[in-house]
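Note that chain A is present in both complexes that follow, paired respectively with chain B and with chain C.
On to the complex of A and B.
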């Protein structure tokens, strides 16, 4: 068990810089999810932590010790590879046993025939068999133990790879998209298993995933990576409700956050499609955009901020997502509504949308979050201000 | 059903339905017939003819022959000459196969670990394979010459130095250096050495091809699992992945070793080496069947040769099926 501290890691492959200064502090026993679009360098970062790849610059500390010169086998980490990397000639049971045998038995004890007679072997062997059983039961691969990896489906292979990683008790677990090939039911189930295992072992987990639900439900913190940088690393709630960057806001959350351009007048007051939002931004920006999560929008009557027609409906049973085209806006807005509101959001219907401007997330032209926003709605609004907005 | 005769007539004229399977089967036989007959004619027929001839005393040019039953075969297992033949052949195979496979694997692993110069090394090691053994034999004959040959000249340099501790050099300095090709103690080993020298480059190339199929991430997995030494990684990843290649390489090496002929024919055109110590099967077939025109006994050796090769192939198939296919 150990904390992990990554400082200013860069990695270049020839001319391309894949990691551009990644820093991340992972406390002992934390569950960190690395999320980000394909090709942003998640696997590369994981491989550098594991010691399978050397960083170009930067430092990695494991339990306070610099491990830059330490080879992967000596870092005592366990890893699930994106491509499974199972030994094709070994049965499932033997695959799972490899890390145990390699680390618990000496070369002599591993010999096929003679090893049996080395003193103290019986106990170690029994323990290994038990460990394999436990791991196999947990991941529901017990009936497959005698098979070769070639005779397994993708999802089964993935579970074997997971079992091989989880069977040990390392300083930290590095998992590279370990559930990507499982079916929905098994994925939920395994997700719970891993979360429980994390609680039980109290070990450090670094978990790469594309699946936001996984990231949101399992992790203590989520690190959102993009283009070789970590844009934000915070608790799931914070990443969702209080993103630092427009890219983070857009990446996290499904359906995607609604981004709307807003105007800013000379005094810094904001307006949307000619209507005042009663928000004041201190700094002067070239352009300001606001982000509205689908659940921030609500249906309203006549006096709405936005009016549009329902163009598409996605009914998920427990909730309903409506895509609404608003004249003057490039993209359709996505609205989350309760199934009870179905009658109001028929296809083609004209609906009014409202939201609380103070909840909206504001971003400047670079996509950085604007934090210094004043809510001016509570003090009486002067007519002049509204008129001014009408003109901009 | 009268289906068979009508298949070639236009279907519209005949309303009786022709079962598709029968039609398909006939077409299939028709289409494979040329290949089948060629196969029988040029691959199987010679073997059958050789098998028949091995029971006769036929000689080329004779009008008639007599059936001699198993006499040719019983000669093979009773006469002293053939005992020497088996001894020479098996010594050669048992020496050349493991060493040339081992060296081929070693060279392939070394070359595979190189970044640069890979192609150069590959070419150098492959040179002996490309050169014809017959031409190379002449070069070797020069080198092995007892008095002016490079090898004995080099050994002479060791006289009077520490190298005299080696028995071969000590005896050589005291008396004279070996007559490599004329001494029955050395001849078969010299032939084996040349066989290895010539053959391992071929195995190396096969192994290099096999190595490209090893999944690179497996080495990473092995490293994470705690396989630290190169040997452990080799055992866990490389060697199992090379299983199918190894079976193939060993079989090919065995067959090639059984077929050794050129060097022996070049060094000792008459007789198969000093005291018949290098009288291998191929040479025996050549001597009996071609030089002495004893087709019957030549065919018998040929059949025996085929049996060996066939056994090897069966073992290979069995291994591939059972052990090395994942």
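On to the complex of A and C.
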């Protein structure tokens, strides 16, 4: 078990810079998710941590020791791959045993037949068998130990890959989209199991995924990566409710956050489609956009801020998502409402939408969050000071 | 319907062209010299008793034989005794043509020795080819290093060089090293198989990178990865290569003919066929074809056993 510290890592492949100076401190026992769209460099970062790829510049410290230039095999990290990467010719038990054998036995002892007679073998072999059993019991794959990977289902293969990773008590676990190849139902189940495994082992997990739901549900902290940078690294709650960047706000959350353009007059007061929002921005921006989570919007009667027609409905049973076209806005707004409001939001119905402007997330032309906002409807207040959480 | 009929007709024609020489070979190995010359007797020949002229000639009685046999044929003239002895010899030397052909094949030349040489030579060639080709193919397929594409280009280029073009320089090299008439001369020039490197490289390209990365994370060195991960997953491709390699070198006549001069102990099976080429006293097609049949039989059996996996290997569908 050990913490991990990454400082200013860059990586270029030829002319393309995949990582543009990434720094991240991971505490011992933390579950960190690297999340981002494909091509954002999250897998490359994980491979650099693993030692499978060399960074162009920057430093990686594992438990305080610089591991740059240390071979993957000598970093004492375990990795679980998206494709499981089990050895197809070995049985499940042998697959799990490989990392133990490669580390505990010398070349001579690993030889088939002859290895048996090298002194000290009995004990090592017994220990390995015990370790395999423990790992198999923990992941409930004991009945499968004699099978070949080809005879297993996707979920079973995933468990074997996990067992192979945890059998030798590594400094940290690296997981590269381990659930992507599973079907939706199994993914939810395995998600829970991996989170429980993390709690049981208390080990450091670095988990790469493009699925924000996985990141939100499992992690102690989420690092959102875009274009080779970490845009924000914080607890799931903070990333969701208080994003630093419009890209983070758009990536996290399903359905996606509603982004609306707002006008700013000479005094810095904001207005939406001609109506005053009673918000004042200190700095002068070229353009300002506000982000509204689907649950921030609520249905209202006359005199609402926004009025539009319901174009599409998604009924998930426990909740209802309505897509509402508002004249003057390019994109449809998504509204999350309670099934009890079903009658009000019929297809084609005209509905009024309201929200509390002070809750809205404001972003400038570069997509950076605008923190200095004054609510002019009542007393001046800075939303930033209210909601901002400190980093742990 | 007619289309498939037409297809089959063409395939059957092709099959006949391929099988005809084999048919002749096996058929000749059953027949007597007379039947072969006259082209009669069907596939098996009539299998009438025949007399081995050479065997009779070798036992042609001289004066001492007649004197020794005088007791058995008392009261007869030397001429009559001589005739009787010749008749005895003819009786001893007469046999079925198939027996004649196959016994000749094994007695006229040390065929078993040749077969053993064939096994030693093709076996060592294949083994060393694998030892060279697997790491080379792994490096070309999965490792990133400066000049990799150029190296692979050279491999492809080497595929274009015909063996016969470099035979003379190779022979001179071996002769200067004093290696002609040794097993080394038969084996060494073939140990680096660019075809093997190419074939295995293409196969390794299909092995997912994750598998190799997993092996690295599990603590394997690059060479362990080659032997512990790549080799087992590449068995079908390796089997395909084995067939190509073994067939080519088992049947090779050209190269052994060049580097083995005189020393019959090093003859490979195809060289053994030369023992029956017609010198002054006519050709021995029967025994020659019997030898040929004996030589190809192991290959046919090996192919039949490996057939299923061989075809899998060719289509490179071994990995899941």
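Methods note: the second predicted complex is superposed on the first by the 338 of 392 C-alpha atoms of A that agree within 3 Å, B and C clash if a C-alpha of one lies under 4 Å from a C-alpha of the other, contacts with A are read in each partner's own complex, and residues count from 1 in each chain.
Simple rule for what comes next: a contact is a pair of C-beta atoms (placed from the backbone, for glycine too) under 8 Å apart; a residue touches a chain by one contact, two chains touch by 3 or more.
Since this is a predicted model, take the numbers as computed values, not measurements.
A.B. asks: Superposed on chain A, are chain B and chain C clashing or fitting side by side?
C.D. replies: With chain A aligned, chain B runs into chain C, so clash.
A.B. asks: Once chain A of both complexes is superposed, is A:85 in touch with chain B (first), chain C (second), both, or neither?
C.D. replies: In the superposition, A:85 touches chain B and chain C alike.
A.B. asks: Looking at A:352 after the superposition, I want to know if it touches chain B, chain C, both of them or none. Which is it: first, second, both, neither?
C.D. replies: neither
A.B. asks: Is A:50 touching the first partner chain B, the second partner chain C, both, or neither of them?
C.D. replies: Both chain B and chain C are touched by A:50.
A.B. asks: Quick check on the superposed pair: does A:148 touch chain B, chain C, both, or neither? Answer first, second, both or neither.
C.D. replies: first
A.B. asks: So which bits of chain A does chain B touch that chain C touches too?
C.D. replies: Common to the two interfaces on chain A: residues 47, 50-52, 71-73, 77-79, 81, 83, 85-90, 98-99, 102-103, 150, 164.
A.B. asks: Please name which positions on chain A make contact with chain B in the complex.
C.D. replies: 47, 50-52, 71-74, 77-79, 81, 83, 85-90, 98-99, 102-103, 107, 148-150, 164
A.B. asks: How about chain B: which of its residues touch chain A in the complex?
C.D. replies: 215, 217-218, 220-228, 232, 236-237, 240-241, 243, 324, 326
A.B. asks: Any idea which chain C residues touch chain A in the complex?
C.D. replies: 208, 210-211, 213-221, 224, 229, 232-233, 235, 319-320
A.B. asks: Chain C touches which residues of chain A in the complex?
C.D. replies: Against chain C, the touching part of chain A is residues 47, 50-52, 71-73, 77-79, 81-90, 98-99, 102-103, 150, 164.
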